[in-house]
Each structure stands twice: as C-alpha cells, then as structure tokens.
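Worksheet: the structure to be examined is printed underneath.
Letters A, B, C and D name the chains as they come in the text, with residue numbers starting at 1 for each one.
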Amino acid sequence: MDLTDCRLYDDIIDPPLSDDELAAINAANVDFAQGLGLQLTYCSATRLEASLLVEARHLQPTGVVNGGVYCAIGETTASIAAVAATAKPAVGMSNYTDLLAGVREGETIRAVAEPVHTGKRTHLWRVEMRAGDRLAAVTNLKLMILDR
Amino acid sequence: MDLTDCRLYDDIIDPPLSDDELAAINAANVDFAQGLGLQLTYCSATRLEASLLVEARHLQPTGVVNGGVYCAIGETTASIAAVAATAKPAVGMSNYTDLLAGVREGETIRAVAEPVHTGKRTHLWRVEMRAGDRLAAVTNLKLMILDR
Amino acid sequence: MDLTDCRLYDDIIDPPLSDDELAAINAANVDFAQGLGLQLTYCSATRLEASLLVEARHLQPTGVVNGGVYCAIGETTASIAAVAATAKPAVGMSNYTDLLAGVREGETIRAVAEPVHTGKRTHLWRVEMRAGDRLAAVTNLKLMILDR
Amino acid sequence: MDLTDCRLYDDIIDPPLSDDELAAINAANVDFAQGLGLQLTYCSATRLEASLLVEARHLQPTGVVNGGVYCAIGETTASIAAVAATAKPAVGMSNYTDLLAGVREGETIRAVAEPVHTGKRTHLWRVEMRAGDRLAAVTNLKLMILDR
C-alpha cells in the first residue's frame, strides 16, 4: 500500500479520516517522518494532528531534540495537510521553523497543523509543536500546489 | 565517547580537524543527523562540510527527499560549525530552509556550512546543499551562543 | 517628546495604554513606520494593534503595496509590543514575512501583534495584517531582549 | 514614465542597464523603496546593486535604522532583479531578512542582489546589505514568476 491507495488523493478530506484510515497510513510508513516515529492522529481538510514519542535517536549531543526533527515534523504534517485540503500533490518551497524550547527523551511532541493561507497555487500552513504545556517549535511551511 | 572528548569544546578549531578526529566524531554517532547517515568530511572554525547518501528512508511518498532532511542537515552542520568557531555551546533559534530541487535515492547530498555573521551572542550560518551540480536546498540557521 | 517619555519603558503595559497615551505616541512620530503613516490603535503587554491607510507612496510599480511595507509594519508593531511586554529594549534579529495578497491604494491595513514565545532573552511575536477580510501578510519577528 | 517604458519588461537585461537607463528608472520613482531614497546603481540579469543614504526618517526610536527598511530594500532589489532576469512580472511570496548590525543616520547602505535559484516558476534571490565593512542585513526573497 502507498498513500495513493487512501483517500488523500481522491478528494478533499471531509469528513476527517477515520481511525482505520489513519492506522492504514501510519502502518504504510511511506514517509521519512513516519520512519522517525511520527504518527498521524487526525486528518481533515482544515486540520492535521500528529505525535512523536522522543527517543534517544532524535537528540542532539546536549540531550535535547535536534531542531531538524521539528522541521521534519512541520514539513511532513503541513505537506499531508495541503494534500488533504486540495486532493492535489503539494511541494514544500520553504520551511521556516522557530525553535523555542528543549524537549527530552521520553516526552511526546504533539503537532497541530492549520492553514494560514490556501490559495490556488500556493498554501501556507502553520504547525505548532508542544510537549506538555510548552510550545517547543513552530513551522511555517510554504507549498506549491501542483496540477495533477 | 561523546563530543566533549574531541577538540570541539576545547578551543576554536584551527587547524581543521584531522581525518582521525572526523572519523572519531562520525563513529560516535551522538546526533540525530548522524543517525540519518550524515558524515562530517571537513571541520574548521570557518567552514564545515558533510555528506549524506540518500536512502529509501529519507524520502517522502513522491520519491524525493523529505524537506525535513535538508533542514536537519542544515541544523546540524551549522550547529557543529558554530561550536567549532567559538568552543562554546550553541543553540539553534530559527531554521529557515529553502527547498529548491528534488533529490532521489542513491544520490549524495553534499553540504557546506559557512558563517554569515559571527557576533558575540548570536551567529548566522548558511548551509548550501547540493546533489551533483544541483542546488537542492539552503539553510540559514540563527544560533544563540551560550556561556559555558 | 520621545518614546522614553511614555509608559513604554517604565513598566509592563498593564492596563493597556489609554487613548491619550496612544495619541501622544502617534503624534511623536519617532519611528520609520510612523512616518509611513502607521498609527497605533491598541497597546497592552499581550497585544498591539495598528493601522495604515494605503497611499500611492506605499505601492510598487504594479499598483499593489510593496512587500517591504508589511515587513516594516510587522517589525515595528512586534518591536513596540516586546517593549510593552517587558519594559526593556528589544532588538529585531530576524523578520520572516509571508506575502499573501495584494492591497491597493485607499484600502486600510490593520495589524494585530500577539506573542508566540516570550522567553527571558528572546521573544517571538506574530503579526497578522489584514485588508478587510483578506489576510495580506504575516510577520514572525524574533527579538533579543536587552538588559537596561 | 513608468517601468514599462524601460527595457526591464522587454527582454532579459543583458548587457546591463546603462547609466542613462538607471537614471531614468531612479527619476521615475515608481516604487515605495525609491520614495525611501533607494537608488539603483547597477542592473543586469544576474546582479543588481542599489544604495540608500540613511536619513532621520529611516530610524527607529533607538537611533538605528528600522529593520523594515532593510526588508524593503531586499524586497525591492530582488523583485527588480527577478524581472531583469526574466522579462516577466514577479511577485514576492516570502521575505526572510536577518538583521545583523545597526546603521546610523548619515551612513550609506549598499545592497547587492544575486540569484540563488532561478527556476521556471519560482526564484530565490539573496540580497546582502552593508554599511562600510559591516554586514547590516541579508534578505532572502522567494518570488513567483508570472506569465505575461
């Protein structure tokens, strides 16, 4: 199975993906960020949620999560969200990620992606990533929406 | 061994790290990006180089490298470079990565980090990532330099 | 009069500035963006609002507002807001502005700045700029908070 | 006269604009940044230069140039440069400006715009702004290239 087997490229995702559909995507493990342990937990045309349990492999030498992990979570959640909102392929053009607080092994990062701007040719999605109450990082991802 | 055993936190890195020192850091595998397969190939106080052979695990569903991989390479190379330039801990504050071209499995991404601004409290490093002749991505990483 | 005569550097701004205090700052015209026509309309420790009536001098050759105007509005509102939140000087470190829709002469741009992260040494403020119902631009401004 | 009277939209700018052509554009004053005092000093398909003499109106309350001025210089020089490189209209999509050093009244900011990536649909230009030997700011401007 790959992502083309799910509803993501069939139509705008409304209603949200069911638990079974989410489980199928998570099991498919077709993306870099899924290999990192990212699990999708909610997906509609206007909101996507995901979580990642921090393991030793996600850390930098000082013991907190490498900033690139947040960038990758932001990149991936916003990209899937843009596809869910358009049923078209989307390509990230620029990834701006603010790194705001350190997160350690054993904590869970919860990401919520919401649209800032959904134009015909470009989208801007904003992804907040929290560990407990702390805002750890925010990604602003600009995407090009492609014709199929 | 961890990074504190190498010269990185002892003094500004001049002359560049030797091949043995680079090999020791690469073997230590203490960072997220090293787990991704990133290998340091050159490290001085004013330039850092690294490379990554693209494997299936780095890709997004369309078959090109997930943008988060470039962000992680940029984050890691610029962070190590800032430490090499200051002999002090450095924390990424914001990661701005432009995604410019697709790279596929089997290609090698070569990253070169150079300083744009090295102030007392903040640094800005710019990391160009190429696959062959193509500029695939550029990271601008802003860092806070910490007192020890 | 300059800004040091108002409450901005005396204490964290709570309650919000009064209409008289806002009028005094707007009349003082001590900042680049005020020279552009930006008027502060609300200022507390957690929210700043301002507006600008678009004139011919704000445009680029194609007849819409030059993107630099939004960056300047974002820079200025977020900077004043950071001072209002801390009663300390604040210096912009990086300004990331997404340009989302064109605005024409005679329209009014309304800006709202709210904090994303208010740390001891750095702040991140996000400024949404709208013309009527359209989201025209968003600035994310990262600032360094200085000791007095 | 407006910019459509000059060679900018006729063809890719090679050879560079002559002194007379630059003077005509500067005199036309059709853009926000020209109203700020920005003067174009060199324009080819692969490089654009401009300068601005800092006056009191460019400053923020602390006496240094408002960060929005750099963003506006970066926005404008990169936009004209993209037109010069393509002979097509170009729209800024995101403006990322790092603010690196303070510049005071009476100093001159010299800007140099060079291309990072010139794709068919999108461009990325990088604009370095210096005052004397100091690097004051760097803009990375992402643009959409439009069909005429």
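Keep in mind that, in the parts below, a residue touches a chain if its C-beta (ideal position, glycine included) is under 8 Å from a C-beta of that chain, and two chains touch if they have at least 3 such contacts.
Chain identities (UniProt): A, B, C, D = Esterase.
Please read these numbers as outputs of a predicted model, since none were measured by experiment.
With contact taken as defined at the outset, subunit A and subunit C are each touched by B, D. The pair with more inter-chain C-beta contacts, choosing from A-D and A-B, is A-B.
Annotation: 35 Å between the Cα-based centres of subunit A and subunit D. Our note on geometry: subunit B versus subunit D, Cα centroid distance of 30 Å, whole angstroms. Centroid to centroid, with C-alpha atoms defining each point, subunit A and subunit B lie 23 Å apart. Counting partners per residue, subunit A has 93-94, 96, 98, 142 as the residues that reach two or more other chains. Arrangement of the chains shown, judged by which pairs touch: all-to-all, with no pair of chains left without contact.
Looking at the complex, you find that subunit C touches subunit B at residues 93-94, 96, 121-122, 142, 144.
Here subunit B touches subunit A in the complex through residues 2-4, 30-33, 35, 57-62, 65-69, 71-76, 79, 89, 91-99, going by the rule given at the top. Considering their complex, residues 96, 98, 100-101, 116-117, 119, 124, 135, 138, 140, 142 of subunit A touch subunit C.
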